[in-house]
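Right, I'll just put the structure down here and ask away after.
Residue numbering begins at 1 within each chain, and the chains themselves are lettered A, B, C and D in the order written.
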């Protein structure tokens, strides 16, 4: 999630160079808008962390950021590189042990929203961050693994996922279910006794997908300005359903863009490089 | 365990009034001698706490005192009234939560010795602190209950019990097993999977009982100066076995007596009454 | 999200007849003032939950607030029996008290399970003891053997505790409603996180919490009501603010031994016009030795025998 | 009871070929210097245990110390892949690496069970995921469904972890051998209490520990060996002593991507005559910014690309 932002020139009218924005900026802003003030938010590193901190810097000053390192209510003045940077501990309301953050805080379902990235995501919002390839034992690509994601996906009241849109990342069926979305569809989470509601939004660099209320299949409900539905479908690994109420999403405002850039420009205190 | 000490005049030669000692003092000194320097000791309040602090003030300066309130390595300058007095927290190496003291510290068997009192104790070292009378639902006397004693009895590497000798307190079979000693005898602890070795010594105001190595029945192995075996037997609720190697115990030394009295005379800092 | 209210309003809004109520604090930080407010508001038929139902629950039981008790040690620490508790159990006075009796490790783990959102916890223990087979309040067991699926070993499962409301006392809250307690922190975090509602009385409200060694911090969004009640744990204590009033604990033995004398105490010191003022009076004495001193003179007033 | 020794002696006395070794530290306080000493002493056939086998285990795996790995997240935090880890898993280089893969909640609870002296822990989770059915190192499952004996609900049991030795880095030890760490405390307490032996490297040895907010204190009798190794967690950090050397983490991507370049790094910076001196050199720079500065120049030496 830390790759160099690509300039999405097709999204930018020629005469507004000063408000040009990258697809990562659009994703970040879009994700930050999904967070409401006062929410408790379990944050993964990278774009989720940037989006959550953007929300805190703009419309949601009382957003409570929780990182799996045990920092509850962290208020970092700059973006941490890892979930365990010192600034998180130093600004937190409370720092608890790793067993405690999972057992007392995440597992019982007291966190409003969990914010995840994914290497592979399927039609029913299941996440793979373990292995690419048909065999766990002889993987084509060995990914980092689960970390805290499965519990975030299972236990937060709702989940937001950010992922770049491509047929390699958005697939009919993930090679390995690391974190459960809606499994094979309606009723699956309930049968497993998962307490959270599951993915509410998937935010990509082209638009937003949301689960169909009945079938739970991810459905395109929002699209960024200048993006065609056909483009999205072409970069999706399943036959993408499109909502009858498809909306064109509002581009980042000047204030939002300024805030996200200020956040990313901010240098850690004491860092020299 | 906080009753007024009785003067045991029969134990005291007439010409040594300055070194006269009470039975509680003899019990306390005898119990403190059972603790070796450097041991970790899980302490109950009352006489066990007095004895452990006496040991720390005399021959075992590095005794590690642990109270169920979560205070590990407490070094109180005076005797606490409860297991949660402020002086325990303020002088401890570490203060942990109550779940942690039981789960991480007591349960795994990392504490050398547990130090318990009892309302009723039976021939096999089982302890009752729950109800007196044949029925739990309609007790003759409702005692406080278990507290931390069952885990201390089950999990400390060994257990020392202090109790005043009478046919009411030392009974053939306790009315209710609150904390397990040797159950019904040899092999019982092993069958239950209790990790600690069980009661090593029972110290009364007349002498010391230890479990028979084979049958696990409590057997008189030590007797205080001036006490007759018949006196002990008469104040025991079962047919008391006497060790072939019965020893007369050494009375408190002047130094021990001075130390225990100094300890009990010490007034909590800041207390006015 | 924490709301700052008076103690009376906090109890009125969160404790209802028939509720399962946990007041925790392991010797330290026992929420006595809140307990007295429950007595004044004449709550009835409560299921009281507490590892050590010491003097605070002796008072609530004697006052007739409770019909059930879930506990692991019911004594007056360092002193002896709880006479009101014994009178209820042995004689059904003022009303019968149904018991669900555990031991500390079991109670602590039951709260842990409640705080963790799982229906049970696993521990060694109970085996071979009379406590293994006692029924819970509803007649169903709350202790059962459980087999390790990996080793085949038999351990013990205890059922989670989920109080309707947990009430604790803490040293500080900040103006945002974050709560900090330190010293012996007992099982308060678990009891708060296991409950549907949480009430906290505090010694003082500060602009900003200064982190303390060994502190437990409860974020504002885990607490429902906060009332500022300095001295609110007397005769227990708040480390850094007051000392344990051991004299009162000793004096309680005589006060509570006799039904009539207990009734007088209840009238004059909890329900009567004098006592709310005295509870409020503690507000004025504030921090440190001042509270200790007022505690001790209060102890003397009970005819301290220590 | 804790004994003060050199790092080399601590590792020689506690880590043996074939051991199950846990080096913990969640981003913060990672015991890198101790890991390098294990590489220098050429330990082989280790079962490495760690929630986040990040750069430290990438180094041990690439150096050929490990044949098995128990873990829950194997990446370079905030940067990307662990190339030595991937090379071992995908290509068996320098030797095959058998995996026992979990997730953070499972690993944390496995340590908790180990520290608590019980053979398993219970949690929600694993259900419906591929991780539910992966075998443990011996081919037997370490995750199994378990039924609540009270509610009938199906939950998940995970098998306890009991390392032969746990190695951690902490800020301070006092002269009696009591250890204090603070900041993000991770799962270190559990990992130490679950292990048969414990080794701690510390930033400094002080006459007396000053209690710190949020600190974990490990009494001297829970630790076997303490070695004073200032900067011993670089490129991780010790709150209050150094900052995370994010540049090094970024630079590691290029160093580790290529077997040959990794081998050069190993020779020059861990095994060679220069590196032990550099590790020891950290002793001299001591606390605060000094370590941060030396870390950063070290990072530059790796050709930092940030």
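Note that a residue touches a chain if its C-beta (ideal position, glycine included) is under 8 Å from a C-beta of that chain, and two chains touch if they have at least 3 such contacts.
The structure displayed is predicted, hence computed values, not measured ones.
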Checklist outcome for this item: Contact steps required, at the very least, to link chain A with chain B come to 2
Checklist entry - Does A-C or A-D have the larger number of C-beta pairs in contact? => result A-D
Checklist outcome for this item: Cα centre of chain C to Cα centre of chain D, whole Å, reads 41
Next on the checklist: Taking the mean of the C-alpha atoms as each chain's centre, how many Å separate chain B from chain D?
Outcome noted: 42
Checklist entry - In whole angstrom, what separates the CA-based centres of chain A and chain D? => result 28
Checklist entry - Among the residues of chain D, which ones contact at least 2 other chains? => result 112, 116-118, 123-124, 153, 189-190, 214
Checklist entry - Which parts of chain A, given as residue numbers and ranges, touch two or more other chains? => result 103, 107, 155, 195
Next on the checklist: By the document's touch rule, what are all the touching chain pairs in this structure?
Outcome noted: A-C, A-D, B-C, B-D, C-D
Next on the checklist: List the residues on chain D that touch chain A in their complex, please.
Outcome noted: 26-28, 51-52, 71-75, 77-82, 85-86, 89-90, 101-105, 108-109, 111-112, 123-131, 134, 153-154, 183-187, 189-190, 214, 216, 237, 239, 243-244, 246-247, 249, 289, 292-293, 296, 299-300, 304, 306
Checklist entry - For chain C, which residues are in contact with chain A within the complex? => result 1, 112, 115-118, 178, 189-190, 193, 217-219, 221-222
Item to check | Interfacial residue positions of chain A with respect to chain D in the complex | outcome: 2, 45-46, 68-71, 80-86, 88-90, 95, 97-99, 102-103, 106-107, 130, 136, 139-151, 154-155, 176-180, 183, 188, 192-195, 268, 270-273
Checklist entry - For chain C, which residues are in contact with chain D within the complex? => result 116-124, 140-142, 144-146, 148-151, 153, 155, 157, 159, 211-215
Checklist entry - Contact residues on chain A for chain C in the complex? => result 38, 40, 64, 72-73, 93-94, 103-104, 107-110, 155, 195
